[in-house]
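Order of writing sets the chain letters: A, B, C and D. Residues in each chain are counted from 1.
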Amino acid sequence: MSDYRAEELLIDVIAAMLEGLGHVAVGASSPIPGAAALLARERSDGGMRVSVLGSRRHNFFTDGGRELFDCAAQGRIDAFFLGGGQIDGQGNINLVGIGDYPRSKVRFPGSFGSAYLYFLIPRVILFRQEHNRKILVPKVDFISAPGVSDANVYRPGGPHALVTGRCVFRFDKPRRRFALATIHPGHTIEEVRDETSFDFDTPDSIATTPAPDAETLTLLRGPVAEALAETYPDFAARVFGELVTR
Amino acid sequence: MTRHLSTVRDLASMIDSGARVAVPPDYSGCAMAAVRELIRRGVRDLHLIGVPQAGFQADMLIGAGCVGTVESAAVTIGEYGPAPRFVAAVKAGAVRVLDSTCPAIHAGLQAAEKGIPFMPLRGILGSDLVAHRDDWRVIDNPFGEDDPIVALPAIRPDVALFHAGVADRFGNVWIGVRRELMLMAHAAAATLVTVEEIVDDDLLADERTAAGTIPALYVTALAKAPMGARPIGLGERYPADDGHLRRYVELARTEEGFRRYLDEFVLAGEVPA
Amino acid sequence: MTRHLSTVRDLASMIDSGARVAVPPDYSGCAMAAVRELIRRGVRDLHLIGVPQAGFQADMLIGAGCVGTVESAAVTIGEYGPAPRFVAAVKAGAVRVLDSTCPAIHAGLQAAEKGIPFMPLRGILGSDLVAHRDDWRVIDNPFGEDDPIVALPAIRPDVALFHAGVADRFGNVWIGVRRELMLMAHAAAATLVTVEEIVDDDLLADERTAAGTIPALYVTALAKAPMGARPIGLGERYPADDGHLRRYVELARTEEGFRRYLDEFVLAGEVPA
Amino acid sequence: MSDYRAEELLIDVIAAMLEGLGHVAVGASSPIPGAAALLARERSDGGMRVSVLGSRRHNFFTDGGRELFDCAAQGRIDAFFLGGGQIDGQGNINLVGIGDYPRSKVRFPGSFGSAYLYFLIPRVILFRQEHNRKILVPKVDFISAPGVSDANVYRPGGPHALVTGRCVFRFDKPRRRFALATIHPGHTIEEVRDETSFDFDTPDSIATTPAPDAETLTLLRGPVAEALAETYPDFAARVFGELVTR
């Protein structure tokens, strides 16, 4: 077991999915996707722009709250991140609540921009660190944003992958379902099956998610940690702080 | 012409029970001092519109029984956890929620800004939001073929209520890049603003400040309220009062705790600056 | 990332014949030095979009045979009188005019900005503009009853071309209250800007300048062009060269005179700063 | 004949139509309406706002070119001014051209915002100083903006009056035509009839347009001239300059 944190592996695996993109946006309360975007930017040699909502320094919008959405609709955002109180096997996400709407047993904050951005941004990466049967369900109780749409619906965007604390699923758009891609070190396929209550495809050979290499860890604990700390000081201190060698 | 009111109470008195009130999220300048006045006055049945989401002020107003409907892309107090009084009111069926999505709120306000009855918007189709919003329609794109698109009705608030750093003596209000506040002001019938300071100047006279200014034309009334966003923060001027908000979230888990909070910081006292 | 080009010619070379080019009116920052490069290069069949009207640059480009279509609420050089080459080209049937009205241009660009196929707009019904625009539709307001409303298709320029005072080394461009330039940049596939000066600074770092800045995200390429709006003016920086413009209007009354003007100030020389 | 210019009378008569309004906007190239709005503002004791397009000091817009139009649609502009290369008896205006469109014999600049503002601003005052049969026609060659609309068309605004160098017509909305209101000093009803080629109603008694009084002339040649000079220096110098007594 090498000297990295679980979060660093997740950041690294998400960053790999952003390689070569021109503009990655990160929503509110998303330190791991935020760090991943900043890591990908570090690796891009100036080729990638990252917009972090809630950041003063890494936010290039000057037209008010609508600009992120307009910008996405203009095709100027290549990747974004969404989570979900529930996520189902068709890529539907639920940010509204559990139980019968509107009097949800468990009420989440709300759909935010998901019902829009999931349609318009080509590469939407679903991220939820917790991975259990209550979250990864066969069918969400409320569709904040659907994973797939009918052919006549204007939809340049949609789910690309689902990253959890246990594994990575790729979304298979034609089959409208997830396929297990890699399992994180220390986790097993049985565990993933046990903790996932939706059906997914399992290729013959499943690789282990590669651990972050030394160069990645240097970037993470250096410039990425520093850039992230502006928006997520607590997270940056907790995850990168103790390991920073400077 | 913009009315300069001498107290926040006078400003808040311009919001009637039943009013459709647009408010910004916690990071965009919330008129918390005015919100406390509304609670003291016991306004009822507000239709709160989060632009595009609502935070601490929505939770307080809902908890205090001031809100009939909340129309928002989310109600959240962010890092402090779920909005406790909102969640409790939803479970109890004590508040009607018009769940929306951020760009739909912006688009609805833009429709009001443009004086058009609706705004088409991509996305959203197949979301359960559409199923539960009988005020939204799915129409055919008149320029397409078999191309459904959501039509969102204009959102016309009676009041836009927010807090900003600076206004001038003419009633112009500087909002910088927080242009959702300008959109709210354009869309609303009346705009009520509390500010940190009122300068003896003309913000429109210099193009450098004019570029981030809501003209007085849209500002119905102003009142000075130093630290008026507390306990939440105001841009680069001051941060949120972390300890206070954590205490709120703790207390507001229960109805009784929330009442204690109200007694201490709203009904009998004031939030410390 | 924004390309910093070393000459206006390089910038103008990014505009191909046949391109849909959005330009501002004479009072909002026109990239005249780039326009002269387009004429020198002999581009053809431009679809010029006046946002919402076009002035001196349109008249020159039309006179020089660079324009196939002009889509605008008006073509005018204001106090200097009718736009002579535009008027002559209309009479000769040498240019296709898509007559529009100011808010329709803005609304069409806003539709492109929002990525929606069309924007509804009040007014206009019964104007002969509607009769002659087969790309416009009259639809029923889905929220009304027997309530016709004009639906305007999105206007998606290939290029937005304008001149501004200041850009920074990252490619951010300050436009102050001239937000129609920001709308153009949001709506267009590419935005090409000439500027008076490029500062070694970050216009987005300070909210006071950020409020009036188009982020580099929307700026495809930049070139420095001091006095680049001449012979027309640039906001508070410099006025129009009255004498030059009067001479232009005088010469451009005839095809021959216009050719003489082109020879002197475009093909063989440059407009004096 | 008292000591005032023809323009001063026109400014005064237009200003009277603006009394009591909250916000008057003035388009480009409109010195006489601009002066009228500024005069009405002077008389309003701080109750009237005037937005002059092309002015830096008397222009309160900060949202770009669209704001004037959005502002009108929001119902925040009470009066505006339109002209026309042709104006007809139904209040239709033509800002596009004379002859068969699109190859007009005489081409005007274009419709600008008329096709919109004429619908949305309650009190639109048509102003054209020249008054002859070529301008005031039975039917315009191109309707930039119609004077009246069918009942099902959303139209809070429309023509209020037509002010020319010879007279004032009021627009009678139910009858969809103009009625002569007053004739300027030095002009006659016969002349108005001769020079107008559309039909209009003529009440039994037609008053003479009142001449501007001394107080008005003092305002015009003082604060109004000064405010107007920022946007229309030549006009202000020509009309008010020689008469200013300071």
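One rule holds in what follows: a contact is a pair of C-beta atoms (placed from the backbone, for glycine too) under 8 Å apart; a residue touches a chain by one contact, two chains touch by 3 or more.
All figures in this text were calculated on a predicted structure; none of them were measured in a lab.
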| item | value |
| --- | --- |
| Result of counting contacting C-beta pairs for A-B and B-D, higher pair | A-B |
| Whole-Å gap separating chain B and chain C, where each centre is the average of the chain's CA atoms | 37 |
| Computed distance of Cα centres, chain D from chain B, in Å | 40 |
| Geometric centre distance via CA averages, chain B-chain A, whole Å | 29 |
| Distance between chain centroids, defined by C-alpha means - chain A, chain D (Å) | 59 |
| Contacts with 2+ other chains: residues of chain B | 107, 110, 114-116, 121-122, 147, 149, 177, 182, 210-212, 236 |
| Residues within chain A bordering two or more other chains | 61-63, 70, 73, 120 |
| Every chain pair in contact, whichever chains are involved | A-B, A-C, B-C, B-D, C-D |
| Residues of chain B defined as touching chain A within the complex | 27-28, 51-53, 72-76, 78-79, 82-83, 86-87, 90-91, 93, 96-97, 99-104, 106-107, 110, 121-129, 132, 146-149, 177-183, 236 |
| Contacting residues of chain D [partner chain B, same complex] | 23, 46-47, 49, 57, 60-63, 70-76, 120 |
| Chain B-touching residues of chain A, taken from the complex the two chains share | 28-29, 54, 56, 61-66, 69-70, 73, 95-97, 101-105, 107-120, 142-146, 149-150, 152-155 |
| Complex contact set, residues of chain C against chain A | 1, 112-116, 182, 186-187, 204-205, 210-218 |
| Chain B residues touching chain C - in the complex, by the definition given at the top | 107, 110, 114-122, 137, 139, 141-144, 147, 149, 151, 153, 175-177, 207-212, 235-236 |
